[in-house]
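The next part holds the structures, each set out as structure tokens.
Next, two complexes with subunit A in common: one pairs it with subunit B, the other with subunit C.
Take a look at the complex of A and B:
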């Protein structure tokens, strides 16, 4: 293509514009390949999110004051009663239904739908407890072993073998961890189905991620910082504590963000170790001793989604529950992730190198 | 402060005069290296090195790349302990009469007394103030007045005070390369060492910054014993009293700097300083 201003240019200068070549063609095709691939993924993700937000939003929000479905967020799962009375149709969860019947003073025949009334507050509480506890365990154990691997252990075959097995462990299906947790914590340790068994099972599941990411970020700290502090009379541990860990922390937190998402979302590891399909009491209710807190099963959002979508007869009422729970679940994971990201940004600002 | 951890033993050793010798002589030998062989794995890096480093003198190590200057320097404060494959073949290094590779020697105490400045300036990603007081903080010293006093004294000692006194809380990394290197020197001074080891402290600096550091070395030698590795002949000539020439892991010649540069005894030394190889 020769435009007007190009006519004034010398032939040497014109040759700079070049001709369409094979290389250019390939460049275009490859570029479009990447672009289409990315857009496709984005479209899939967007359709999932929109579906959940649209349908879940209908459960979580409502058109009249207070606009948020308070019962859904603060109540326990209950059976839903659907019935007609005096020409009006009602959908009431079990407890409201009893009150209604009392006041009406007549016997009412209703269709009942298990798990479709009430709310998911115990699941929210359970998931938050599971995430916080297991991440605390995973980060503690993970950072300790990462420090050992990157700072203290002697490089060699053994260390490489350990690293390789940790990486492989990261690819083990979560159900395997679930069964391991059941065998180890629930049965062998006799912890039964409990919060603490779930914590350790989930922690072990994310440990490989936490360890390798923490080790990576520690090894990225320049050797000069360690040397300098040792040369100033620091012991090895002092050097690590003051000049390695603080600067590796943002990287470690990044790994924990991935960990949080996995821990919060997995059903398989808690299915046999920590999760109850239904429990009336909240974790802090009805405890005889303070330590009983750790030895009780909890409800959890992902397991609840599983139960309402796979364990009971499906209908429009259970579907509402599923989407509402998924919506809240996404919201909570996003919240916890956001906190970690903010923490990381703050740390990055504090220690810039 | 003692090099030996076990206080009882140290005390008795001092009393019997077993470890300490010629304590009072002026410009006595402070570091003594005798028949020192050093290995990285199977590879021998130092061969039978013998030298005496005098108190309050500047000693320069020169020699072609890979001849073992840094290795020997790092042996003096046992920084080589960190390298897994490193080991001593035979011989010993004494500081102040104490064999520093004695099992009872605490490397932490040793490194407090034998400070080190690295080739690549490596300030901590902390404020200038925190960089200087780091060595004190890890000793558990936290009294503000003591720290403030030390920051001013050491930054003045490192000829950096005037340039940074108004921004002590900015990051050490915000300084220029030359300032960073002087900050590292100030940081080393804060733990009040007797000996300062400097491994090519000016190799990354421009001529002006180099001149400043050299000037600083001049003023420091009144109080410190300095060992400096350098590739710059003029620098060795300018700052040092004694010069040691290494070649292929061997100490070829060590003498007064003038002597080395004017009339070296060995052929190889002559060839190196006149630039015929290296």
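Take a look at the complex of A and C:
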């Protein structure tokens, strides 16, 4: 590239520009290496998305009206019966199979595939319940604690130590919280495998994340805003309410959405505290007392994926259920995360000081 | 009341009302403080609870190990070692047989002919096998005695606990009605010890007959078979040489030697067996699980570090702005894939894919290909790498971003190329951030549960590092995996339950150390902007 300034240079100097040197060659090769590596990572992730969305999409969507497999989304998991009758082959879930057998009036021998029929409605319900309850606990405790740590506490060695340990706890593996929840809530408190045990386990798992992220976003707000507010005669709480929280809200919001995604996506903590492999009733059915609601186990999407992928063999009938569940689950979690990422990008542009 | 807080004199917004002498401001502060206190206490409680449940393990394990010694089970195990090495000899002999028959088949012989040929020297093989019977019987018998002794002793202990429980709740009569037979382990052990002469006799016979039998060993014309047979001769000579060692270890074994808490600790840390629900003895050695976790993490990191750091450098320094705005959120988005979905992908697609690739002709020169297993350390490690890349990428990219622009400008002004600037200036400046990114990625990988539970193959054995790179393609078990797999079936307070807690505690400590180190590195090597 020869620009205007270069025209004044001598021809010898000019010839140096654009000349392929060894260093430049190496640079190009190395940069291509980086580029290939980066796109390789992207391709690997894409292959997972495509595989699950393509194969799972076949289960969730259908070509006729209403285009969505309603039974899959609203039914509960059942055994699938595959058989031939009168020359036609059928694939029916357990309840349909019984009706069919009675109508036909003959005994039918069928191949059965556990968990492969019906749908995943109880799992969706269970996951939503788990997320709502645990986030309610985690956000209340987390945000209020963050306000105290960021606004009211006195800086010093103790505060730094507390901050450091909270930050460290954020990196503790989820299975450790699982074993803690099992020992503490399920066994020591005698709550058994229940919603409430799962709520607390999950809440304590995301608590460090919520606290540190919320506190971070509050501390990022310039001290000047607080000072100006106080100088105008506002009380401490008024200053926080009008000059800290509104600007910290986006950060708190993104951190809590990340928390939601984490809570919804984790399997290890609920394996022993809240999740049942199979349960006929929905959480609000068959309750003797209103408080029984909290002390019942639920089905959950991540645990269901674990059960159907680890405990039953792979074949064309079971894989339909496996991929369908994975599709719905990935769709929910990825959707939540996408929102948080987009929100964060927008917020970064909005507030800059 | 009006003069309580001079700061608030001109506060127009807050109400002056107070309840029980507490103003609204103070109440709010109390609320926030209370919540913070609850959070901190709860998070501290988790640590305490893990320690409390875990620490009890070592005492229980010590008791289990001393019962193992006192009932004589350990003694029987010493004898079993001799039986094991004898069985290894037999196995070697059988491998000669099957090799011979394979060779004959390859030569095109009929099945009947092969049988006839093999029959010619079957006497030698049968004779050798017969040698082992007395030893096998002896081990079985003594094992039975020792197990019976241990079971009776445990029953007595249980009954005693039951009786004291009954007395506690006031059912004295029932307690007195309980018949508890005192079990004298020492006496029962004498039964075992008295038969030691039999063992010496068996060994004497070995010394006598093995050389005799070996003289009758068939002489093969085939060089391969002959080589194997001469190797067998060496092996059996070695076995004979080892015999006095087994006897000596029996004699020096002391039933009364106490087992300290330190010994149960080392048995846990360095123990190479994790065996539960066994009829003989449960072993809780964390070494195979720890090494399994480490192996998988190393595989993942070897893949993830170049890709993660490379992608960070590419996006931060090389990529066009459009690429940047797309790739950054995309890689962050990868971290949103739930681990159980990745694990499922591993079972359904990736594991099969890896095995198929290993079966390609082009790769047949690699000694450990094609793989026999679908789910191996590599399957799990490869998927975990994908989970570690977003962590490494995001943090490393941040670190690169924090390098002051003037550094880059200065370097470019000196006439260096972009690559030279990156390698010599930017990466070294951001190195502390990159290292801590790698550490946190490692922390994420070692604590991951679902992927390893589904894809690592779950075989509890110390990975065979002696096999070189082939160890990567073997099924392994991990610390996280064992908790997830076994926690569902344990009895509250049992030794197994506590063992799992100690494994959890180990994970906890490891992840705390990694996080702490990552933070220290960042603080210590902060970029000076002077």
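As a working rule, the second predicted complex is superposed on the first by the 296 of 353 C-alpha atoms of A that agree within 3 Å, B and C clash if a C-alpha of one lies under 4 Å from a C-alpha of the other, contacts with A are read in each partner's own complex, and residues count from 1 in each chain.
Following the convention adopted for this analysis, a residue touches a chain if its C-beta (ideal position, glycine included) is under 8 Å from a C-beta of that chain, and two chains touch if they have at least 3 such contacts.
In this text the structure is predicted, and so the values were computed from the model without any measurement.
Of the two partner chains, subunit B is the only one that A:225 touches; subunit C does not reach it. In the superposed pair of complexes, A:154 makes contact with subunit B only, with no contact to subunit C.
Once chain A of one complex is fitted onto chain A of the other, the partner contacts of A:187 are limited to subunit C, with no touch recorded for subunit B.
In the superposition on chain A, contact of A:253 is made with neither subunit B nor subunit C. Of the two partner chains placed by superposition, only subunit C is touched by A:338; subunit B is not. Of the two partner chains placed around the shared chain by superposition, subunit C is the only one that A:309 touches, whereas subunit B remains out of contact. Touch criterion not met for A:80: it reaches neither subunit B nor subunit C. Using the contact criterion defined above for the overlaid structures, shared-chain residue A:235 touches subunit B and also reaches subunit C. In the superposed model, A:209 lies in contact with neither subunit B nor subunit C. Touched residues of subunit A, counted separately for subunit B and subunit C, are more numerous for C. Residues common to the contacts of subunit A with subunit B and with subunit C across the two structures: 230, 233-235, 238. Those residues of subunit C lying in contact with subunit A across their complex are 7-8, 10-14, 24-25, 28-29, 31-33, 35-36, 38-40, 42-43, 46, 49-50, 53, 306-308, 310-311, 313-315, 318-319, 327, 329-345, 347-349, 386, 389, 417-420, 440, 443-444, 446-450, 453-454, 480, 483-484, 487-488, 492, 500-501, 504, 507-508, 511-512, 514-516, 519. On the side of subunit A, the complex with subunit B involves touching residues 154-155, 222, 224-225, 227-235, 238, 242-243, 247, 351-353. Looking at the complex, you find that subunit A touches subunit C at residues 23-24, 26-27, 30-31, 33-35, 37-38, 40-42, 44-45, 48, 51-52, 140-142, 144-145, 147-149, 151-153, 162, 164-180, 182-184, 187, 204, 207-208, 211, 230, 233-238, 261, 264-268, 271-272, 302, 305-306, 309-310, 314, 319, 322-323, 326, 329-330, 333-334, 336-338, 341-342, 345.
The touching residues of subunit B, when paired with subunit A in their complex, are 77, 79, 82, 84, 108-109, 111-112, 115-116, 118, 120, 122-125, 134-135, 138-139, 171, 173, 184, 187-188, 191.
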